[in-house]
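In the two assemblies presented below, chain A is common to both, partnered first by chain B and then by chain C.
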Partner chain A sequence: MKAVGARVPRYDGVAHVTGRTVFVEDVEIPGVAWVKALRSPHHHATITKLDTRPAEQMKGVRAVVTAADVPLNVYGHLSALGIPGDEPLLADAEVRYLGQPIAVVAADDEQTAQAAVDAIEIEFEERPALFDVRKAFDPDAPQIHQWGNWYPHFEAGMDRRQIRKGDIDAAFAQADVIVQGVYRPAAIEQLPLETQVCQVVPEANGRLTIYSCTQALYFSMGVVAAHLQQPLNKFKFVGGTVGGGFGGKVDTATETLCSLLALKSGRPTKWRWTREEEFLCSSTRAPWHMEMADAVTKDGWILGRRMITLHDSGAYARFSPYGVTKHAFHHTGAYTIPNLHFDGWCVFTNRTPTSAMRGFGVTSVSFATETHLSRIAEELGIDPFELRLKNANRIGDTSPNGVVYTDPSTVPTILAIADHLGHELPADYRTMTSEPRSDGLLPEHLVAQVGNPEDH
Partner chain B sequence: MTVHKGRGIAAIEYPTGMNQNGDPSQAWIKVKPDGRIDVFAGTSDIGNGSKTIQSQIVAETIGVPYEWITYDNSNTDSSPVCTGTFASRATFVAGMAVKKAAERVRERILDIAGKELEIDPADLDIVDGEVIAKGSPQTKISVPDVAAAATWGHGELITGAGAQLKPYAAIVEPETGKVDLPPHSAISYASCAAEVEVDDETGEVRVTRLVQCFDVGRAINPTLVEGQIEGGAIQGLGLGVLETSYPYYPGMEHRGGQFGSYLAPGMEDLPVMDTVLIENPSVDGPYGAKGIGEMANNPQPPAIATAVHDAVGVWVTELPITPERVLRALQRKAAGEGEPTRKGKLIVYDEELSLAAVAHPDAPVRLVVDA
Partner chain C sequence: MNLNVNGRTHEIESPPLTTLLDVLREELGVHSPKVGCEQGGCGACTVLVDGAPRRSCLLPVAALDGAEITTVEGLGAAEHLEPVQAAFVHHYAAQCGFCTSGLLMAATAYIANGGTDDREAIAEALGGHVCRCTGYVKIVDAVAAAARGDEFDLSVTAAGLFTTTMSGGAA
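Let's look at the complex of A and B:
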C-alpha cells in the first residue's frame, strides 16, 4: 500500500480520544512545588516598592524569584533575525500591561503559593496608558516604551517596514477609479484546551528536565538557556505532544521561571496557568489597523495599491516585527499588483503583548484585500470571480518584494470554486490558466505594468 | 423581522515555512533488527498531525508499511533540532528532514541487501517491506532479513540522518523590501465561498455554508488535511463573527476570562462545509506537499463580510461582525448615512475609522492618496 495519500488513522488518535495520552499536566512528579505569579494589576505603572520577604518567610514556601534572580532578564527571542530584546522576563522598574509577571513563588501546594503571592508587598505609581494604535503617533500620546511608541529597529534603522514597487504615482494618475477603505480585525485568543503548563525537575547531575507544552522544543530550549546563561546540555526538554497551540505556545511562557525556581529551591516545580490566566495574561492574536487605496481601471485591472498598516504589538515586541514583515511581503494577496507603496508599523500599546497565531501576519491582510476586492467589484459592476481571475498572479509575475512566482494556483482555485458553486463564467475566463498572460484579456496599454517581467 | 441571505467569495495565498527562512529541521532514523523503523525528530505535534504525516513520509520513502514506523519526538536528548511547529512548516520543512533521513536509510538497506543477494544495489527496489531485483521480482529479500543480516551478520547499524534548511533570505533593499532569495519554501492557495443569513431585527449573522477549495500541493493524508481545513474554517468563522478579546476596545472592560464569557464557535455555529482538494504539486516539498495549516482560517472572514453585504447591503469591516455592529450599520443606512464619500474618481469608505479621523491633526502617519 502506498503510505503517501492514504487515509491512515492519526498516529496518536486512539490515545487522545480515550484519555490515555500523557500531556505535561499528566506527568506525576513526587514532591513537586506549585508555582504562582504576582502579576501587575495596572495597565501601566512604575513599581515603587517590592518586598518579597513576607512571602519568603511563610511556611511551605520554597523559593521566590524576582527580576534580580534572572541571569539575563531581557532576551530578544528573535535576536538571530536582528530583532533586539525589549521584554523583561520579570518586570523590574515598570509594568506595561495588566497581568505582567513581577515575581513568582514556589510552594508546597497551590493554596500556599497563592497566599505567598498575596503576601508580597508591592506599591505602584500609575502612569497614563495608550490603547488605540491610531493615537500612538499623536504629539500628546503617552510614551509607553523605551524605544518610543513604535518599533524602530527594522533594517538600516528604519521605523517601519516598507514596500516600494513600480511607479505608484503613475498608477494612481492612470486609474479610472480609486477605492479606499479601512479594515480592522480584532484581538482574539488562540484558545487551546491545554493552558500554559510546565514542570521542571532539577536532576542529581545538575541538569534540568523540563516538561514543556511548547510548539517548538529547541526554540524554547534556546530561550531558557539564554535567560539562564547556560549551555544546551544543561537541559532536557520533554514534550512534543501539545494540547493545542495555534501559535500561542511559540513564546516561552513558563519554562524559564519554573527552571529558576527549581534551581533556587532544589525542588521540582509545576506551573499550570488557570483558564483565567490563559485568557487574560497570555498573548493574543494581534489586532490590525489597515488602510488601503487601490487604483483601478473601469474594466477591473488593479494598477496600484497604497497601504498603511498599524500592527498592535501590545506592550512588547515579541514576534511582532516578524509578523509585520510577513504581512508586507503578502499585502497584495493572491494577485499581481504592479505598483505598490506600503508602510507598516509595529505600534506599542498597553494591551497584553500580541504574538503569533495561526496565519500570523497574513490573516489580517487576507481580510483587508478580499473585502476590498469585493467592494471594487461592486463599484465597477464586475463579477467578483472575474475581477479576481483577471488580476490573479501568474507564473512569471513578481511578488511585492520582487520574487518570481513559479507555481501559483490562484486561477485554478477560483475556477474550482466557481465550478463547485455552478457559477457561470465567460469562455475566456473559464479556460484561464496560471500560464503567463497571452489570452488577449490584457489591454495593450497595460502590458508594461501588469504583464510578465520578461515582457518589459 | 426578515432573514436575508447572502453569499461572498474570497481567494487567498499563504507561504509555507518561516518568513525569510533560516529555520532548520533535522531528523534521524534507526532500523531495529527485525526491520522496524524508529524515527527521531523534534517536531511538536500540536494536533496538526505531524507524527502521522512524517511517519507516512518515512514509510513511503523507505518502502515499508506505515505500521512499521515508530515516531519519537518526545525529548531533546534523542531528537535533533526542529525550529518548531508554526509557520505551516511541519509537513514541508520537517517533512523534508525525515524524507532525507529515510532516503539515507533506504540506501543503506539496499547496500546490505545487495551484498546478501550479490546484486548491484542500483538494480534493487524496496516495495512493501521487500527488497526486490528490478525486472526479476522473484529475486528478493525482506527488509526484516536485511536488518537481521546487518545486525547479526555484518555488525552494522542501519541508520540515516537528514536536515532541511532553506537559507536565510535577506532584505537587501530596506526601502523597497527587495529580498535576495525567495523568502518562503512554497506558497499555497485557496478559495472560499460563504453563505450567510442575516437577521435585520437582531443583527445576527449565521454562516450556513462554507465551500472551500485548497491547493494542498499533495495530500499526504487527505483525512488529516480536510480536518485542518474544516477546523481552521471554524476558527475563521470565530474571527469573522464571534470572537474578540476586548469587546469595546480601546475600552478595556468586559474582557472575557472564562469560556462562558468569551464567544468561541460552538457546535450550534457550525455551517455545512464542502471541502475540495486541489493537488498542484510544489516543486521541492515532500511528495509535492505544501503547508496549509495556518491559512485554513484566513479566507472565511472576508467571504463572510462580503456575504453580509450581499445580504443586507452594509459593509462591516471591523471584526467581529457582531449583531451590534450590523444593527448600527443598518441604522446608519436607514438614515441615509454610511455611504462612501465620492470626490472625482476617489471613493472613500470607512472614513470615520481612519487615522485621518481619529489621530491628532499633527500626527505624522496618514494614508495619503492623490486622486
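Let's look at the complex of A and C:
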C-alpha cells in the first residue's frame, strides 16, 4: 500500500514527453506492404459475384486474401468458452453490415493497395435490413442471422439472460405507486486517437512477429492462431503500447488478416485503419433499449422491479452476450431491490457489431437506474438522496444474481456527495452506515422482505 | 527542396504533394507526430513550422521549402527536459501518450508567445487537440504550471522502470 496517497512515477511518462514511446506504427519495417480492405457498401446483401483477379494482376500488388484463403473463417470471440462462432473473418456468401470486410489486399504502397481494392469486381443483391431491436421479434422481420434474430446460447441453452428473485407479484400487489420508464442510450464509438493498426513480419524461421495495438494480447494471439489453425508457438506478439483503447481494442480487428497476407505474400504487412473506418467499421458500445417498472411504497421503498432489456448486438455476437450478462447482474445499480423479474435479450441487427467499451452492459443500466430513482423521488415528493440511501446496498444484501455484498460503498458514496454539495440530510440519514438495516428506518411490514439477507 | 528539422537540414525526396506528416514519419524517421485522423481534426500531428503550430497532415511539403520544423524530438531529451515537458510529467498530463506530442508543440508555441496561466486562454490555445484519456484538466494544469515558471522536482515522478516501452523504431 506504499503507493496509496503517494506520487508514483508513470513508468512511461518521460518517454511520452520526449517522443521516445514507440507505438505500433512507429516500428520501422523495411519493405512493409500496405493493407487495404474491400468492405461492404450495403447493410445486408447476398454476394452474387466476387472476382479478385483484376487486383491480383496489378503492378505492385503482393497478395489478395478472401474467405477462401482462411483456414478457419468462422470463429467467435467467445469460442474459447465453448460458445459456437458466428462471425466470418471475411464475408463469404453474404454481408450483414455496412463496412464488413470481404477481401484484403497487400501492395507496395497505400495508393496501390486502395487502387487494387477498387479494381476488385463484386456484385450484390440487396436484402431488407433490420435496424430496430424492437422489430426483431416481429413475425415479418428480416431474418439476418443463422441463429435467428437473437442470441440463443445463454446458460442452459436459454435464449435470454433471465433473473428471478423473490416474489414479484407480491411486491407489485403491495406497491402504492408503480413508476415506469424507458431508457435508450445510443451507440458510442470508443474513438482512440490511434486507430486500429498492426504490423506483421514473416520471419525466416516460419514464425510471425505481430506488432499489435491490442488491449488483450494473449486473447488476440488465440484468435489469430484459431483462424490460421496454427499452434501458438508460431506467433510472437509485441504489444503493450496502446494509443488509447477504451475497450475498442479488445476485439481482434487487424492482426489475423495482416498475418494471412504476410504468409501469402512473404512480405511484412501493415494495416492502419483510416479515421473513417474507425468510425464506420469498428465495434462500438451497444445501443440499449431498457424498459423498467418499479413497485414503490409511498415512503420510498422499492419493493420490486420488472425489466426487459434489448441489447443491440449488431450483426454478430462478439462480446455482446457477456455484456448482457453483466447488465443482468447489475440491473439494480447500487441499490438492493428484493423482488426482481428481468429478461435480457442479445438482439442481432444489421448495425455495426457492438462489443467492449468501459464497463459495457453496466453503464447503460446504471444510467437507467439513476434516472429512474430520480423520477421516483420526484413522483413521491421525496428527497432523491434519502430515496437512494433508503434503498442503498448494505452489508449482507445480495446482488440480483445472489452475490452477498461484504463491503458495499453506496451509503458512504452518497453521503460524500451530499457533503460535497452541502445538501442537508436529517440526522438518521446523515449517520447511516453500510451495516445491515437495524436502525429502525425499515417499516415493520417490510422487515421480513427487505431486512433479512436470507430472504434475498 | 530542403527542410530544416530540429536543427538539421534535409534534402527531401518525397513527391511535392506528400504531406509534411508523411515526410517526417516515412522519409525522415521522425515519429513523434502521430497519424490520428489525416484530416486536421485531432491535432496529434501538430508540429511547429517556423515557430507556429500547424497540422502536418494538411501541409503539402512543396509549400514548405526552407522552413524550420520543430517536433518533440527537438525539445529536451530525457536528461534536459524543457519546462513544459517536465510539467506534463509532473502533472500526469500524458496518459496513453498518443496526443501528447501535438499538445506539447501547441503548448510550446503558446508559452513562447507569452501565454500566461490563464485557463481559458490555455483552453483556447489547445482547443484543436483531442485527448480521449485525461479529460484535459491535467493537461491545462501542466501548461499553466509551465507558463507560470513553476519548478518541478522530478526525482520522484521522472524515475520510472523504463525510459522507453518498446524496442525498435527510431530514437
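To be clear about the criterion, the second predicted complex is superposed on the first by the 446 of 456 C-alpha atoms of A that agree within 3 Å, B and C clash if a C-alpha of one lies under 4 Å from a C-alpha of the other, contacts with A are read in each partner's own complex, and residues count from 1 in each chain.
The criterion applied here is as follows: a residue touches a chain if its C-beta (ideal position, glycine included) is under 8 Å from a C-beta of that chain, and two chains touch if they have at least 3 such contacts.
Note that the coordinates shown come from a computational prediction; the quantities given were computed from them, not determined experimentally.
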Could you look at A:93 and tell me whether it touches chain B, chain C, both or neither (first, second, both, neither)? neither
### Message
Just checking: does A:68 make contact with chain B only, chain C only, both, or neither of them? Give me first, second, both or neither.
### Response
neither
In this superposition, the partner of chain A with more touched residues, chain B or chain C, is B
- Query: So, does A:137 touch the first partner chain B, the second partner chain C, both, or neither?
  - Reply: first
Using the superposition on chain A described above, determine whether A:21 touches chain B (first), chain C (second), both, or neither.
-> second
Going through chain A, the residues touched by chain B and also by chain C turn out to be 7, 9-12, 191, 238, 240-246, 275
In their shared complex, chain C is touched by residues of chain A numbered 7, 9-23, 25-28, 190-195, 238, 240-246, 272, 274-275
Chain A partner, complex, touching residues on chain C are 29, 31-32, 34-39, 41-42, 44, 71-73, 75-78, 81, 85-86, 88-89, 92, 94, 96-101, 104, 130-133, 156-171
